[in-house]
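One structure is given below, represented as structure tokens, and several questions about it will come after.
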């Protein structure tokens, strides 16, 4: 059965900046979506949604039909309505996968799921080297043990997130900083992957290794075992209820 | 140097219920505080704070002088103001320890730090057997490998929290349920311990093993290595800033 | 592509005990193998191997063609040769999945991979209730949130293993004990799942929920991302080797 | 009560190499021991032991009186007798802390406790930058958020160890590699910390930040809650044994 993927993006930088438009003329979401399709082929159905659509393109119906949501935001985190944040949050707890990309570390829904500030260190214009520290993990399938992103914003430690359940990638930068650049968590029944490479002014989402990682992450985060747990619906449990 | 402990409690059940008052005539907080003092002696200074005090007794000054905050709430989670929740939350990220007790699993600040619903299964009036599954951990010091709480509300799985960084205790109940009853997490620079035994109608906080666990947890959660991280104050990091 | 599963078992109890033979007339391995086939169908190819075959049925060729090995042993752990243990160990580090069942907790290869004594508490003849504490995990697919094993040897804490990377199931027993009955670890590139239900004198491996769990675990442990890492072959790394 | 620390070192390079002797004229162990004393003062009693002493200086009596053992080895891992390895291993499971330094990653006892190959990538003569990724952890007390080791052997990923329970430090090297340079695990009741900086030809163990880390680690690894668990002595548990 195909994984139903919704690629969400702010789609604001592209409208306001000539530079960003020169890299992502149809929006970053279209390139991210194409990369996932390239990696997963018929194993996925990919649609996109953006901030300025009604309900940010994330209606109840859209989310109910989404197995994995990818999230890229940066300049307009504050414009995402709390109602939609709550809606996405609940779907993640209910089993929807969530892939948070780059500056999405400050997205409301990511901070809500992490329970921390999600702050990090940054500097524009560096180069990034990405190292696998969890070989064998599905997200590393066909990913070289080390690869480089020629131009990239530096994201550095301390990254204020809970220690990841599984740490997949660590990056170094030419300036000497390090960053936990690929991190897995579970919240409720939902799987979350944060992946830091991917700035709006660099062609990161066209790069082959990056597409492989994101495609793998979609597959890893897709729900396969979602149940309705009676803890949610009926917490008061008479003696012997399960016998 | 003494650990500065603030024991917070709703102190509402005790005012409304004759039964609760018969068990905790001066409030649960006084008994919890006495237990911590009994365990830690001069290694701690313990004060209390309750919901109906101004700012719930948790002023900026009080929190600034608190190394570890213990939290018991149940019937009035909704009466805790969002401003105080935010204040406590930030102090935890900054390094203050937090011990969440029993029905505090639904406290706003705990849910905010966990990023999940914190739902669980429950049934009144059962008996609990507490097993150590992490011997050697400081929280297990002088705690028998197994002990019983004669009367206790059943709290059962699935407990919707992120997988604990360290799982210290698992409980079973006469009815057959199990529960991860002692769990550690870190958020920011702060340490969090959740401990489930302790209902308002049972004399759990008078029990020796329970007092030992809570006292140990206070010691474990006390900050020893809190720094001001420049990630928070100055995330934009020019090349070579650290050299 | 089909998962190539090798079901290994001692096949000694069945030869020596009328009682065991009455439950598993053709050996436990045949029933475990049938259960995996029942769950995974054409997604797997299942063969068996037993202790008294040459090289315990685990030749280099067999292991090279095995994606996931399941292991049941009890009375003859000491009869497994150290050479074969080393061979299995290296295949796990290289990416082969390993499912360790019940009394296999004392298998040489499991102790070698864990780095601990793997001791536990036990008592014959109890009943077990298995609780899911990690809903959403692939190993829980189609597994009820709680199910019972009517007759089962009690295995209880403290179970001396490293804290699992992911704790999937916790069991309680009628006698009040608890046990971390479903645990995941990664070693090298290999995934390991320990599952405790399954004694030789009880028909546990015929039970539907048990078969579902083991089948799911095989799927979860199957290698999808095994690489040859140059750390192993060429650790001395000249400056710029990866550029 | 003072922490009883035994600093173990091969003490072979110093005898064979003029260069090493010029850096550590009385042996690396004396400098490591002095650093711990400098950090912990009267909170510790430090003795040393070396490979060529009888029983490598690690008699049953010495280990029984050791709270925390630090381990530096490199050229002579194979000369450590299996009997002493087993002895140290059992003491760790029983609660003794173990601090493994630099090339000790290939020590027999570390590999036995990890259950993996412990392989890594290396290159002589680089410089190392050490980043804290777990602020608030006791091992980071008084450690700057980032510090540099001017000359150091490069140790790089993939480091074949089980994912650490707590990842404290990540290092980058001028050559672009990264390494999980400060890692915590628990085995049985014992705490283990691996810390990678510290080559025999560089004066790393004289550096202030390095001494602070190792001293902190000794304090963190010291046993505070070691019990005799009946799982070890009496696993067969009659019904109701704990009541």
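Assorted remarks:
As written, the chains take the letters A, B, C and D, and residue 1 is the first residue of each chain.
Rule of thumb we're sticking to: contacts are C-beta pairs under 8 Å (C-beta built on N, C-alpha and C of every residue); 3 or more make two chains touch, one makes a residue touch a chain.
No experiment lies behind these values; they were computed from the predicted model shown.
Counting C-beta pairs in contact, the pair that comes out ahead of the other among A-D and A-B is A-B. The chain with its CA mean position farthest from that of subunit C is B. Measuring from the averaged C-alpha position of subunit A to that of subunit D gives a distance of 37 Å. Centroid to centroid, with C-alpha atoms defining each point, subunit A and subunit B lie 32 Å apart. Among the residues of subunit D, those touching two or more other chains are numbered 129, 134-135, 145, 156-159, 163, 165-166, 176-177, 186, 188, 229-231, 242-243. Subunit B contributes residues 95, 129, 134-143, 145-146, 148, 165-166, 186, 188-191, 216, 223-227, 229-231, 242-243 to its touches with subunit D in the complex.
By the touch criterion stated above, subunit C contacts subunit B in their complex at residues 129, 131-135, 145, 156-159, 163, 166-167, 170-174, 176-178, 180.
Across the complex, subunit A meets subunit B through its residues 93, 112-117, 119-123, 126, 154, 156-160, 162-163, 165, 175-177, 185-188, 229-232, 235-240, 242-243.
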